[in-house]
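Before anything else, here is the set of structures, which you'll find just below.
Paired with chain B in one complex and with chain C in the other, chain A is shared by the two complexes that follow.
So, the complex of A and B:
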């Protein structure tokens, strides 16, 4: 029995519920699971197809004890949820797994067909039995993850200054080089295909307003109900701003977007600005006061009257 | 059968686009491989290799459509004169329905007429989906509801289908009567063969296209079509699901991975729920729009009182499955799913509707 399984079983004895993964997705990739019993937990796995950030389920499970298997990046979301008092730290048992990188499974399937067999031993990646270039199919966030634990030479981070191996990294560089006007035009082209499904919001662990989100309320009528470029732009302005200083860069918004809008370009840009302005990184310290959630009514600008 | 070579396809579409709006699947640049049906213009690329990420239902049910525009006009103001020519005054000040303000008129501007459209390169499951939607929306002169805007778009629509000779792991159209050889909803079917496509007219509309100069006679035999995964007994779900309705544990279990992102409904070719809303520009003019909506969202059933009869994700997921495999078959005589697999390929939580359907069939056997 793997060490992961026995750890989950130990935690289960305390909590009665653990969020983790089994290999029951298409082509044998990981799929999110809820384990309730030691027997159910026997199928638990962790590998590079465990892309989902399971902490998105925690706000809905508020009030009950729960264990959760988490990569280092997922753990940041949990920490931020605790810092925002959305999750009770005493109720959550985090089972951290060490991770070298995770795969952009969707990109692999787009290239090789849905359900194509993905085999990964941590260094060599094979699709349908053929070796493929690993860097091209690794999630871009993983390539510059600080918590990454390269197990093999092939899993080493790409040295800075080298040519991006990954289409997503290339796009990031292109975007950085754009003027403000070019960026606006770029986004309008991207937003033109937004179907306003709100998957970017629903998949985000920090967007826990969900069912009462102002992007859909009719009273007050903050945003129109139409599905078009202007509304999509408005919607992203709201979403991105509401995540200022709260986004942990987990990448789930972009992964969930069914039409491939590169939303992480926005999040990364804002995260960088927040770090510069407030010296704050979301999801690092559960005791921290997130800068934009700090409303001091005794401050200089308002005397509380 | 007639034959059209691959090289002649752009010319054929160009000829069609001279008299109709043509929609074809294309990989959008900078979209990480997203394939969507878009308005096609001569010179545009076409992707016939990949399955489209979203269905082509926009063609009959646009994501947002204008039902009509309206202007509030006041007696003697320049508005009523100017707009009266193209619009219809529905509420004059002396009628019973007159608004409170004396002299006020609402001038209605009808939506633009539906264009003549050619939908090129859908698969059999998507063509069939249009027929499944017709059962609800398109009943001109017959029994049942007829949605005038849907019906007008449908009237002007020609569907050219690309038959599937291969499939992927998400497809399950073979679970339905005709599988990949389904012809319903198609006007013309193209079968891929060496160097081009064999073409079969299904309706008069489609058959007429074969007389275009792009087609020639051919002795070739059509290729064998794809056989996908099969779930036995889907039609039995209509009887089974009502018995599972109150088993909320079941619905919680099958939907526990779901993050309620709604893609499975927005991407689905048969999902057709909408919201009707008014959007004003200033305080005089506005539009009444109809936009996509979905039962996976909390606000979908939220009542004005604040009460929500489907308070949790499990309640909402239950509705999705029941509407597709029980209510719609009962009311419209068609299963509201054609096995296209989009909800499976696109789900960020790896939730496979086929597992849920198998679990429901299994739960019924146990009882």
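So, the complex of A and C:
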């Protein structure tokens, strides 16, 4: 029995419910799972296909004791949820797992077909039995992760200094180099693919308004019913605004997006602005006062008045 | 005050009255841009002079964040301005709105900064999936 399973079983004895993963997804990848009994928990796993941020389920479980298996990035979401009183810190038992990186399962399947068998022992990644280059299929957020300890294939020295350039960094640099007008065109091009499935909202742990979300109110009419670029653009502006000072950059919106819109570009931009303005990062301190819920009479003057 | 003193004000400015800048949801500004407004000006009571005590302190943070985010959304930050003008500052008001309208006139219609070829490309690739293949 793995250490993870016995830890989950120990927590289960106290809480009666643990959120984790089992290898029951297509092609043997991880799928989110609720464990209620020690017997159920025997199938619990943690590997690089455990991409989901399970803390998205916590607000709906408020009021009952619950255990949750969490990576370092997921743990930040839990901290932020506690800070916003959406989760009761006393009732949540976090089982932290150490993580090297997680895989972009969708990218692998796009390349090798849906349900292709993914095997990963932590250093070598095999798809349908064939070894493939790992870096190409690691989630973008993991490549940038400060907590990441890259797995090193035996005998290969760890490259020191700056991290290797990746597709994400390239996109970020390209975006920075664009003029304001080109950026608008860039977003319109991206949003044109949006099918308004609202997966970005559903996957986000901080989007817990559920039935009172302003994306589905008709009075006031913030977004219409149409599936078009203009509605998608407004939708994302709403999302960015409502996550100001709250986004922990877990990257779930982008991972959940079925049409591959680089949603994290805007979130990163906003997180950077907030860090500059308020020296604040969401999901670090459960006691911190969210920057947009407070003010500083003297320190907030940016226009010299 | 600016009106009763017969001060000259631009005619292409639509004034929307709200109780306090604390009421200004940044989304109202973004929605205005999405619906085709060429510029948005937010003017409130001076910090420290809020009728509701703290409304403009909250607004200041939100508006400044919006100002910094506009370039990332693809909207020229020059199209947005926030300022503080009290009810007794009629001449200041007339100056602020005249300057702002002049600035917007110089920038032209919203979308004027979007390169035409980039926009055409955006429409052309409307139905492609993440791999760049045309889906239908």
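The rule is simple: the second predicted complex is superposed on the first by the 276 of 305 C-alpha atoms of A that agree within 3 Å, B and C clash if a C-alpha of one lies under 4 Å from a C-alpha of the other, contacts with A are read in each partner's own complex, and residues count from 1 in each chain.
Note that in this section a contact is a pair of C-beta atoms (placed from the backbone, for glycine too) under 8 Å apart; a residue touches a chain by one contact, two chains touch by 3 or more.
Computed from a prediction, not measured in an experiment: that's the story for all the values here.
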Kindly classify A:259 by the partners it touches after superposition: chain B alone (first), chain C alone (second), both, or neither? both
After the superposition on A, what does A:56 contact: first (chain B), second (chain C), both or neither? first
In the overlay, answer first, second, both or neither for which of chain B and chain C A:110 touches. both
Regarding the shared-chain residue A:229, is it in contact with chain B (first), chain C (second), both, or neither? second
Is A:277 touching anything from chain B or chain C once the two structures are fitted on A? First, second, both or neither. second
For A:146, is the partner it touches chain B (first), chain C (second), both, or none of the two (neither)? neither
With the two structures laid over each other on chain A, which partner does A:90 touch: chain B (first), chain C (second), both, or neither? neither
Touch test for A:185: chain B only (first), chain C only (second), both, or neither? second
For A:3 in the superposed arrangement: first (chain B), second (chain C), both or neither? neither
Identify the residues of chain A that lie in both the chain B contact region and the chain C contact region. 110, 189, 193, 259-260
Please give the residue numbers of chain C that touch chain A in the complex, ascending. 26-27, 30-31, 34, 46-48, 54, 57-58, 60-62, 64-65, 68-69, 71-77, 83-84, 111-115, 118-119, 121-123, 125-131
For chain A, which residues count as touching chain C in their complex? 110, 179-189, 192-193, 222, 229-230, 233-234, 237-238, 240-241, 244, 259-260, 265-266, 269-270, 273-274, 276-278, 291-292, 295, 297, 300-303, 305
Give every residue of chain B touching chain A within the complex, in rising order. 28, 30-34, 36, 50-51, 53-54, 63-64, 168-170, 256-257, 259-263, 266-267, 275, 277, 279, 289, 291-292, 294, 297-299, 313, 341, 344-346, 348-352
As the complex stands, chain A meets chain B at residues 24-27, 29-34, 52, 56-57, 60, 106-107, 109-111, 113-115, 167-168, 171, 189-190, 193, 195-199, 202-203, 210-211, 216, 218, 224-228, 252, 255-256, 258-262
